[in-house]
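Both complexes below contain chain A, partnered by chain B and then by chain C.
For the complex of A and B:
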């Protein structure tokens, strides 16, 4: 029988969503053109050449190394691209993803990337053409709700603040805006420099849909213990207690 | 049991469940102003800078945050923050119910309103550094310790403005 990885315990909707994020088995909700994703990232103009830190690997004459022979380089590494980043901020008000789950998604599903997890933001670094593909995958999938998540290279503090009146995550630099047609538009790149043209990111999720797709346990949404008043806690809590117990015991070793 | 006096001033905090757009903030502030009995009022919320403060885009203008003019009680002023919390002092408790009704009329979203003590009464070192010895104690608690002098406005029956208060 083929090995099937198990990602996250629990039968709550949040547990199921967390498994989906980690496994990479995500629903595609929108299709934002590659050029627009590149423009929002702001590292290079769409259509411009990729800057490189070394010549393509084929021209470099690599040493005879079994690991190099075993592992095929990513497209960006093979071409010698610079390492670039994309950073996301997800609102605590039921955004579909959270920094930890973006990092799990990146570490498990994206080759040659370096995810960094912080309290309010999540950054992934990779070779430029790789990070562009990974960023587009995040934008297009159910990991992202265009109102509650946004790409922010700096000033990320909207994640822990109340939402704006129109349901958008607060952004001091106003990088995204709600259009009169109900669509969300990106008007600046991730560091706040205005774009040449607005990028239509599509309609945001309704509150009910965001709660359905979220990976955030919340007392006013889905609590981590599972159904309130159930005879048995959800498996997620049991697994967490188990890990906590082992970590505490293993960390404390009087000898 | 201590009987509450209805002639002393009371302090109130209004917290909407979401950040207010300038139009909603203007409507709410006008309703509060119309209710009367206002001694002082403070608008609180995250800063809205006019240009990108740091990062690779530093200095790029943020046009969305410029010219956010609102008019309250016939007096126009520019919003520097996203309105997320309003603290105010009323002349007496008799204005409280009217204030609550004013918020219900003006706000399209849910909100919390509570009485408490929100303005400090003794001068801090920052107050002293910015204003010297403060004669008018209404100013205490309205000063953002990190901001420059222009982040201060008092709306009152006497229409005391920042220019009157600055030294």
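For the complex of A and C:
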């Protein structure tokens, strides 16, 4: 019988959504043009050649290495692209994804990527044409809401701050803005340099939809531990207790 | 029911920060983007920077270069309330560079050395046949308090230090022998019976026994010019000269070498250990300071023993400032960010609220402090409850979440509350540490985020070191310190570990956590920093009400 990864425990919407993110089986909600994604990333002008750090692998004459023979290079690696990044900030107010789940998604589903997980931002680095594809996948899918999530290379402050009155996540550099037509527009790239033209990212999720798609446990959404005076642990907590206990006991090793 | 233990201690602080009519529970707000002008301290910085620029003829502080011309203050710049006090200061006032009290706290550690008297007395009595009596000891202490600041004895035509520059220097002695203590001139004695509650005094005297010790605090200005490694050398030189003077010795006789060896090595207790080459620092520098020693330096336990949370949180504050702001934030790294990692643990009554919730919950359930079983199950129950409570407060009060705007701040505070609760409830620091790590894992699981990269390294593998006693990977928490292998790189941890070390003993109402000599030494009434009320003293520093030692203004032209 073929192995089927289980990914994550729990029967709540949060548990289900976490499994979806990890499996990569995500719903596509929008289609941001590749050129616009490239512009927002800010590493190269849309249509420009990719910068490279080495010649294409086929021209390099690779050493006789069994691992290299076993693992096919990504398109970016094969072409010799430089390594670039995209970094996301997800609001704690029910943004669909969270840093760890973006990282799990990347580590499980994106070949040749290097995810980094912090509290207020999550970065994935990869060869340039690969990271462009991975970034578009994140932008287009249910991992991302255009009001509660945004790409921020620096000055990322905002994930834990109250939302703007129009429901947008706070951004000191105001890289995105809510249009009068109800669509969210990207007006600056990841590091805050103004774009030549605004990019229409589409309409944000409603609060109800964000709560439905989120991967964060919260007391005012799906709680992980019930509430003060009425504790009820999610299956994830029970699994975690088990792991914590085993790790603690393993470290004792009285022999 | 846990509901009765909720107190929301942070509400008062938040009202002071955001304004008393502010909706603390609202999830949306209008960001007015008023910039740095909304902060009195930033305005002061700008005004002063203009003067500096004119004086030195080159640019300096200019907040308009920040983020391409978008200054801080795009959200509300709010002040900080020192937890457990009424002090409200600007965040900038808690950077150690701007806060003389935080500096003095560290200076008080590195200028301190504890040196035994008994070995020297044995040399005098057995080798030289000299008589040592309370009278000779008092005479010795008078000479020593002249010499230790840098004044001459025995020699002629010597230069000396200005008494006004070194007035914080002093040496007092202490002993567990009440009969000997009675014979020591009061001005030179740390009177254990007077400084500590009766039960603590008895425990300390029993631990110290008939031995006698000198609590030596060399001048602050010396360690600010040199470093902590100087302290034992400076003190040993003055000790030897004083013995020569007080006991009419020959300055060059071989017995002096014995006295020097005792003063420099054999009878010396450094405040911290020296570090290996990769972090090279001498002894009496912060990287070698154990959590147990720091727990004993803080004196809240002798003035508020009935409140083990308060005891623990003052240790957390001292550790956060010393380990995070000064050691990791400056010695090992540098910059501005470390201050706010640290202040989360000692401002705005948030950690206080989480701790009092947990400790009240545990005391109610187990019948008091240190009454609960010392087990993993206990850590599991309490850390899960406290962590869940804390996360709920962040969720239900967005202003609390906004105050701790970084995940590392929240992780430290949630885990500290979980660890302190588990330690006070069980009276066991390792159980507290187990609670700390469970909190970290639960936090990450709930929100899908934790702290910065380092938290992945330290906290997700951390449970394996809790009960390990193998070589360099384990020790009782009291004996671990800033240079413990898995703790040496991460802000937001070490002060809290010191707090957990303290909590276990505060819960047990112990007189000391690790070393009775440290506990008594820092009870010296001649300390400049207020070790009994760390957070209030930081507040005084921030409010510009604290006078530090070691200033040079006496010998410089007025500004």
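Here is the rule we go by: the second predicted complex is superposed on the first by the 242 of 255 C-alpha atoms of A that agree within 3 Å, B and C clash if a C-alpha of one lies under 4 Å from a C-alpha of the other, contacts with A are read in each partner's own complex, and residues count from 1 in each chain.
Criterion: contacts are C-beta pairs under 8 Å (C-beta built on N, C-alpha and C of every residue); 3 or more make two chains touch, one makes a residue touch a chain.
Computed from a predicted structure; not experimentally measured.
*Asks:* Once chain A from each complex is brought into register, does chain C clash with chain B or fit beside it?
*Replies:* clash
*Asks:* Just to be sure I read the superposition right, which of the two partners does A:50 touch: chain B = first, chain C = second, or both, or neither?
*Replies:* neither
*Asks:* Does chain B (first) or chain C (second) touch A:227, or do both, or does neither?
*Replies:* Only chain C; A:227 stays clear of chain B.
*Asks:* State whether A:236 touches chain B only (first), chain C only (second), both chains, or neither.
*Replies:* Second partner only, chain C.
*Asks:* Just checking: does A:7 make contact with chain B only, chain C only, both, or neither of them? Give me first, second, both or neither.
*Replies:* Neither partner.
*Asks:* Of the two partners chain B and chain C, indicate the one touching more residues belonging to chain A.
*Replies:* The partner that reaches more residues of chain A in the superposed model: C.
*Asks:* When the two structures are overlaid on chain A, which partner does A:99 contact: first (chain B), second (chain C), both, or neither?
*Replies:* Second partner only.
*Asks:* After superposition on the shared chain, which partner residues are touched by A:251: those of chain B (first), chain C (second), both, or neither?
*Replies:* In the superposition, A:251 touches chain C alone.
*Asks:* Go through the superposed model and pick first if A:116 touches only chain B, second if only chain C, both, or neither.
*Replies:* Second partner only.
*Asks:* For chain A, give the residues common to its interface with chain B and its interface with chain C.
*Replies:* The answer is residues 155, 157, 161-165, 170, 172-173, 192 of chain A.
*Asks:* Report the residues of chain C in contact with chain A in the complex, numbered from low to high.
*Replies:* The contact residues of chain C facing chain A are 1-3, 6, 26-31, 67-68, 70, 74-75, 376, 380, 384-385, 388-389, 391-392, 395-396, 398-399, 401-402, 404-408, 410-411, 434, 437-438, 441-442, 444-453, 456, 461, 463-468, 470, 473-474.
*Asks:* Please name which positions on chain B make contact with chain A in the complex.
*Replies:* Against chain A, chain B makes touches at 16-21, 24, 46-49, 52-57, 60, 62, 64-65, 82, 84, 108-109.
*Asks:* Write out the stretch or stretches of chain A touching chain C in their complex.
*Replies:* Residues 18, 92-93, 97-101, 116-120, 155, 157, 159-165, 167, 170, 172-173, 192, 215-220, 224-229, 231, 233, 236-237, 240-241, 243-245, 247-253 of chain A touch chain C in their complex.
*Asks:* What residues of chain A sit close enough to touch chain B in their complex?
*Replies:* Residue list for chain A touching chain B: 42, 153-155, 157, 161-166, 170, 172-174, 177, 188-189, 191-194.
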